[in-house]
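In the two assemblies presented below, chain A is common to both, partnered first by chain B and then by chain C.
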Partner chain A sequence: MKVWLVLALVLAGALALAACAGHEWASPVDLARALAGDTDMRSRLLFEWRMPRVLAAALVGVLLGLGGAVFQGVFRNPLAEPYLLGSAGGAALGATIALLVPLGASQSLLLPALAFAGAWGATVLVIGVSRVAGAVDAAGMLLAGVAVAAVLGALRSFLMLALSDEAVSLQIVLSWVLGGVQTPTWAVLGLFAAISAGCFGLTTLLARGLDVLGLGETMAIGFGLDVKRFVALAVLAGSVVVAAAVAFGGLVAFVGLAAPHIARWLVGPMHRPLLPASALVGASIVAIADAIARSALPPSEIPLGLVTAVAGGPFFILLLARRLRT
Partner chain B sequence: MTTIAADDLALRRSGATLLAEVSLSLGPTGSVAVIGPNGAGKSMLLRTLAGIETPTAGQVRIDGRNLARLPGAARARQIGYLPQYFEPHWDLPVIDLIRLGAERAKHDTDGSVETVIAAFELAAPRERRWSSLSGGERARVLLAMVLAVDPPVLLADEPAASLDIRHRLDVVQALARRGKDRLSVVVMHDLDLVFRFFDRAIMLNRGRIVTDGPARDLFDDPRLDAAFGVEFERFKTPDGSLLRVK
Partner chain C sequence: MPPSDRVALVAAACVLGCNAMAAAQPVTVRDAYDRAITLSSPPQRIVTVFASNTEMVAALGLADRIVGIETFTRYPPEVASKPLVGGRLGFSVDAVVGLRPDLVVVTPARQAAHQLLDPMQRLGVPIIVLLQRSVWEILDNIRLLGRAASVPDRGEALAGGLGSRLSATMRRVKDRESPRTLLITGRLGNGLLLVARPGTYTGDAIALAGGRFALDGRGMIAQVSPEAILAADPDVLLYAGSPAERDELIGRPGWSEMRAVTTKRVYTVNRAELLIPGPRTIDGVEHLAALLHPTAAAQ
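This part shows the complex of A and B:
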C-alpha cells in the first residue's frame, strides 16, 4: 500500500513540476490559479497549452510503461523493449507512410492504423527471424530486433528523402520521428485518455497469463494456458499499446525498458501489480523528460526522444552489464 | 476419481520416433512407476499424457474424453504435471509461485494456498524468492504448486533426481502414498525404490512398452537386464529387493 502511495505522490510531483517548467517558469500559485479558472493570459496559456501537453506526455509514458511490461512478460526477457524489438521502429515506418504517402484516407485514421500495422508486423518479423536463426533466447531476439529495426529505419529514411517536398516538410516528419509530444486540445486529450484507459484494460486482461507464462512454457501448458494463442494475442495487444504511444508521442526510446524495471524493483515481478506500477513510473519519467525537452534550451525545444535516449542509454548498458555478470 | 488412457499413441519429432504403439490404461488409483534406460521415451510419454506434447497418432483419453478436446483450464485441474526441470523466468517469492498453482482451481484459492503451505512445511520460507531456496525447498515448492488444486492425477517426471538421499526418499514416498486414493504416475531411475514403494511398473525401451505389470513381478524379469543392457545381481532383504550391477 505504501509503495502505491509513493508512486502516486511521485507522479503528482512530476506532473506539478512539469507544469511549472517551460520557457517561462510558473509557480505552484500560478498553477492553482489556472486550475481555479482564472482568465488572465498567463493562466489561460497554462491551462490551454502547458497542462494538456504535460498530461499527454504522461499518457505517452503510461503506454510505453505498459507496452514495455507486456513485451518483457511475453518474451520473458527483462531486456525486451518496444524500441529494441523493432515494434516502435515498425510503428514509426507505418506513421511515416501515413504522413508522406498520399493514400487518400484521413490522416487521423491512417496514422494510428498504419502505426499499429507496422508495430505488429515488425514484432512478428523479429520473432520469425529469431526462430529461423534458431536463437529464440534473449540475445537472439535482441539481435534480430536490432537487425529488423535497422532495415525499417533505412526504409523510413529513404521514404523521408524520396517523398518529402514543399507540401510535407521533412522537419515535421523528422521532429515526429525523434519523439515529441504535440500539445493537444482538451477534446483530443480526452480521446487519448480514453484510448490509454482501453490499453490499460487490455493489458490487465493479460496479467495472469503473463504470470503463468513466466513459469516457462511447459509449466504454463501444465497450468492450462494455451501458450501459442496467448503469445499471439499478447503480441497483438502489445503492438496496439506501442502503436498508440508512437502515434501520440513519436519514437521515445528506453522508457519501455526502464519503467517496468523500476516498477519491478518496487512491486516485484508479478504482472498484476507490475502493469499499473509500470504505467505510473512511465508517466512520471516522460512527464519529467518532456519538461526537460521544453525548458533546457529556451526558446527552442529538444526532441523528447533525444532526452530519453541520453538518460536511457546508460541505464540499458548498466542492465546489460549486470545481466552478463550474472 | 479419474482414469487416464492412451490408445495406440505415436510421437515423432524431427523424423525420430519417440513413442510408438503405446496403449495403456491407468487409474483411478494406484502408484505407477515408469522406468527404462535413457532415451526410452519416459519423459515424452508423461508429457503426452499430460497434454504438453500433441501425439502424432492415437489419443489420450481422460475419463473417456479426448484430452486434446478438453479446455486447458479443465485439464489443469484434473492433471498435475511435475516437470523434470523448473526454473521460473522471474525470481518470484514462494507464496506467489504457490498462488499461481492454486489459481487453477475455480474457487477458494487462499484456502488451498494455506493448506499446501502447511502440508509442505513452507511457512518459514513463504516470502523468500526462488533464487534463495535450497534444492530441497525448491522440490517442496514445486510439489506444492502442482498439488495446490489436489488433482486426481499426478504425473511426475523424475521429481527427485537432483535431491540428496533423504529428500529423495521423502518425495518418492509422498508420491507413492498418493496412489492409495488417487493416481500417481512417476518416472523413476532408482529401481530399488520402485520395487519398494510402487504398485505397478511400466518399462519402456526405444519408445515402446516392454513390460507393464505389478512392480514386484519385474524384479526377476530378465527383460529388465535386456532393456538396461546390463546384468543385475538380485538380493532379497527383509524390507525389499535390491539390484546390483554385476
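This part shows the complex of A and C:
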C-alpha cells in the first residue's frame, strides 16, 4: 500500500513541477489562478496550452509503461522495448506522410491517425512476415522486425528527401521523429485519456497469461496456455498501446524500457501490480522529461526523445551490466 | 473653468475620441493560408518571426512596435537586440506569449508556423502566415502587413515604389538576350550544391533581372551535383557568399573550363538581398540586372 502512495505522490509532484516548468516558469499561485478561469493571456496559456500538454505527456508515459511491461513479459527479456517490432519505423513513416504529403485533411487529425496506423500496421506486418517465414517464435519475430524496420526507414528517408522544400521543412519531420508530445485541446485530451484507460484495461486482461508465460513455455503449456496464440495476441495488444503512445507523443526513447524495470523493483514481477506501477512510473518520467525539454534551453525546445535518450542510455547500460553479472 | 471652455474641451475630447475610434475599426486580412485574421485595433506589440517579416514591418516605419524576433534576424540594427522567441531548435510559445503580442507574423519555415499557429489561435492572438513564392508576392505581403497594422497608405506607397523600380528594371532588360544563369545558394557536406530554382522568389529575381535558368526543369530539387552544373555550363555563374568561397569553388578541377569562368562572368551576390524575401530583394533584383546586363544598367 505504501508503495502505491509513494508512486501517486511522485506522479502528483511530477505533474505539478511540469506544469510550473517552461521558458517562463509559473508559480503554483499562477497555476491556481489559471485553473480558476483568469482571462489574462498568460493564465490562458497555462490553461489552454501547458496543462493539456503536461497531462498528455503523462498519458504518453502511462502507455509506454504499459507497452514496455507487456513486451518484456511476452519476450521474457528485460531488454525488450515497445518499439521492438517495427512500430517506431511504421509510426515515423505514417507521420512523415501526414506531415509532408498534402492530403487535404487537417494535420491535427491526420498526424495521430497515420502515426497510429503506421505503428500498428508495422507490427501486424512483422507478425505476418514471421508467420509466412514459419518463424513465429520470439527470435523469428525480432528478426522480421529488424527487416521491416529497415524497409520502412528507407521509405521514410526517401519521402523526406523527395517531398521537403523550404515551406514544409525537414525539421518538422525530424523533430517529430525525435519525440515530442502534441499539445491536445481539452476535448482531444479527454479522448486520449479514454483511449489510455481502454489500453490499461486491455493489458490487465493479459496479466495472468504473462505471469504464466514467465514460468517458461513448457510450464505455460502445462498451465493450459496456448502459447503461440497468446504471444501473437499479446504482441498485437501491446502494439496498440504503443501505437497510441506514438500517435500523441512521437518516438520517446527508453521510457518503455526503463519504466517496467523500476516498477519491478518496487512491486515485484507479477503483472497485476506491475502493469499499473509501470504506468505510474512511465507517467512521472515522461512528465519530468517533457518539462526539461520545454524549459532547459529557452527560447528553444529540445525534442523529448533526446532528453529521455540522454538519461536512458546510461540506464540501459546499467541494466545490461547487472544482467551480465547475474 | 468657464462653461464655454468646458464645452470646447468636451468637443475636443469627442473629436479626439472619434478619431481614435475611427482608427480602431477592426481590420480583417487574408493570409497565405487563406485564413481571415481580424485585428480589433492597430497592433502595438508585434512579434516578427524571421528576418523577412521583421524587415517588412520595419520598412513600414513600425520598427518600434516590434517586440520579439528570432535568432537569425540582424537587420535593421534597431531591432537586432529585441528579445528572441526562437532559433534553430524551434520556437517558444512561452517566449512569444511572455512578450504579450497583439500580432505575430510568421513564415512556414523551420517549424515556425507548425509550432506557433495552433497555440496562438487557441489563445486568440492574431497570427499572420506569409509565403513568398515570387518577388511580386513580397510586395503583396508588404501591402497586407500595412493593412493589418492600420497603415494601409504606407504599405501601398512602399510596395508601389518597389513595384515601379521592378518595372523599370524589367524595361531595361527587355528585348535583350537572357544569359543562361545559375545561382548557387549554398553547399552541402556531401559535395552537393544548392541552387536557386524556378517557382521561388530567388528564382523569380533571376528571371526579373533578365536571366534564364541554365538548369531546366520545374520542381527540380534544390540540391544538384557539381557535375550537373558543369554540364549545364551557364553563361553567368552567381554565388551567394564570400569571394573566397567562390574562388575556392571555381578553383576545383573542371570548373576552370566553364564558360562563365573563362569569360569572367562569375560573381558573388548578397545573401541578404536574394535570400531574405523582404524589401531588400528589390535591391537584389537591380544588382542582378546590372550583373546580367551590364550595358543596360548604364541607360
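We take it that the second predicted complex is superposed on the first by the 256 of 326 C-alpha atoms of A that agree within 3 Å, B and C clash if a C-alpha of one lies under 4 Å from a C-alpha of the other, contacts with A are read in each partner's own complex, and residues count from 1 in each chain.
Criterion: a residue touches a chain if its C-beta (ideal position, glycine included) is under 8 Å from a C-beta of that chain, and two chains touch if they have at least 3 such contacts.
What you see is a predicted model, and the numbers here were worked out from it, not measured in a lab.
**Student:** Once the shared chain is lined up, is A:41 touching chain B (first), chain C (second), both, or neither of them?
**Tutor:** second
**Student:** Return the chain, chain B or chain C, that is in touch with more residues of chain A.
**Tutor:** C
**Student:** Does the superposition put A:221 against chain B (first), chain C (second), both, or neither?
**Tutor:** first
**Student:** Check the residue A:172 against both partner chains and state whether it touches chain B (first), chain C (second), both, or neither.
**Tutor:** Once the two structures are laid over each other on A, A:172 reaches chain C alone.
**Student:** Can A:208 be said to touch chain B (first), chain C (second), both, or neither?
**Tutor:** first
**Student:** Where on chain A does chain C make contact in their complex?
**Tutor:** Listed in rising order, the residues are 22-24, 41-42, 44-45, 48-49, 108, 161-162, 165-169, 171-172, 175, 183, 185, 294, 297-302.
**Student:** Any idea which chain B residues touch chain A in the complex?
**Tutor:** Residues in contact with chain A: 47, 50-52, 71-77, 79-81, 83, 86-93, 96-97, 100-101, 103-104, 146.
**Student:** Where on chain A is chain B touching in the complex?
**Tutor:** Per the stated touch rule, the residues are 76-77, 208, 211-212, 214-216, 218-219, 221-226, 268-270.
**Student:** Under the touch definition given earlier, write down the residues of chain C that touch chain A in their complex.
**Tutor:** Against chain A, chain C makes touches at 84-95, 97-98, 100, 108-111, 114-115, 118-119, 122-125, 131, 200, 221-222.
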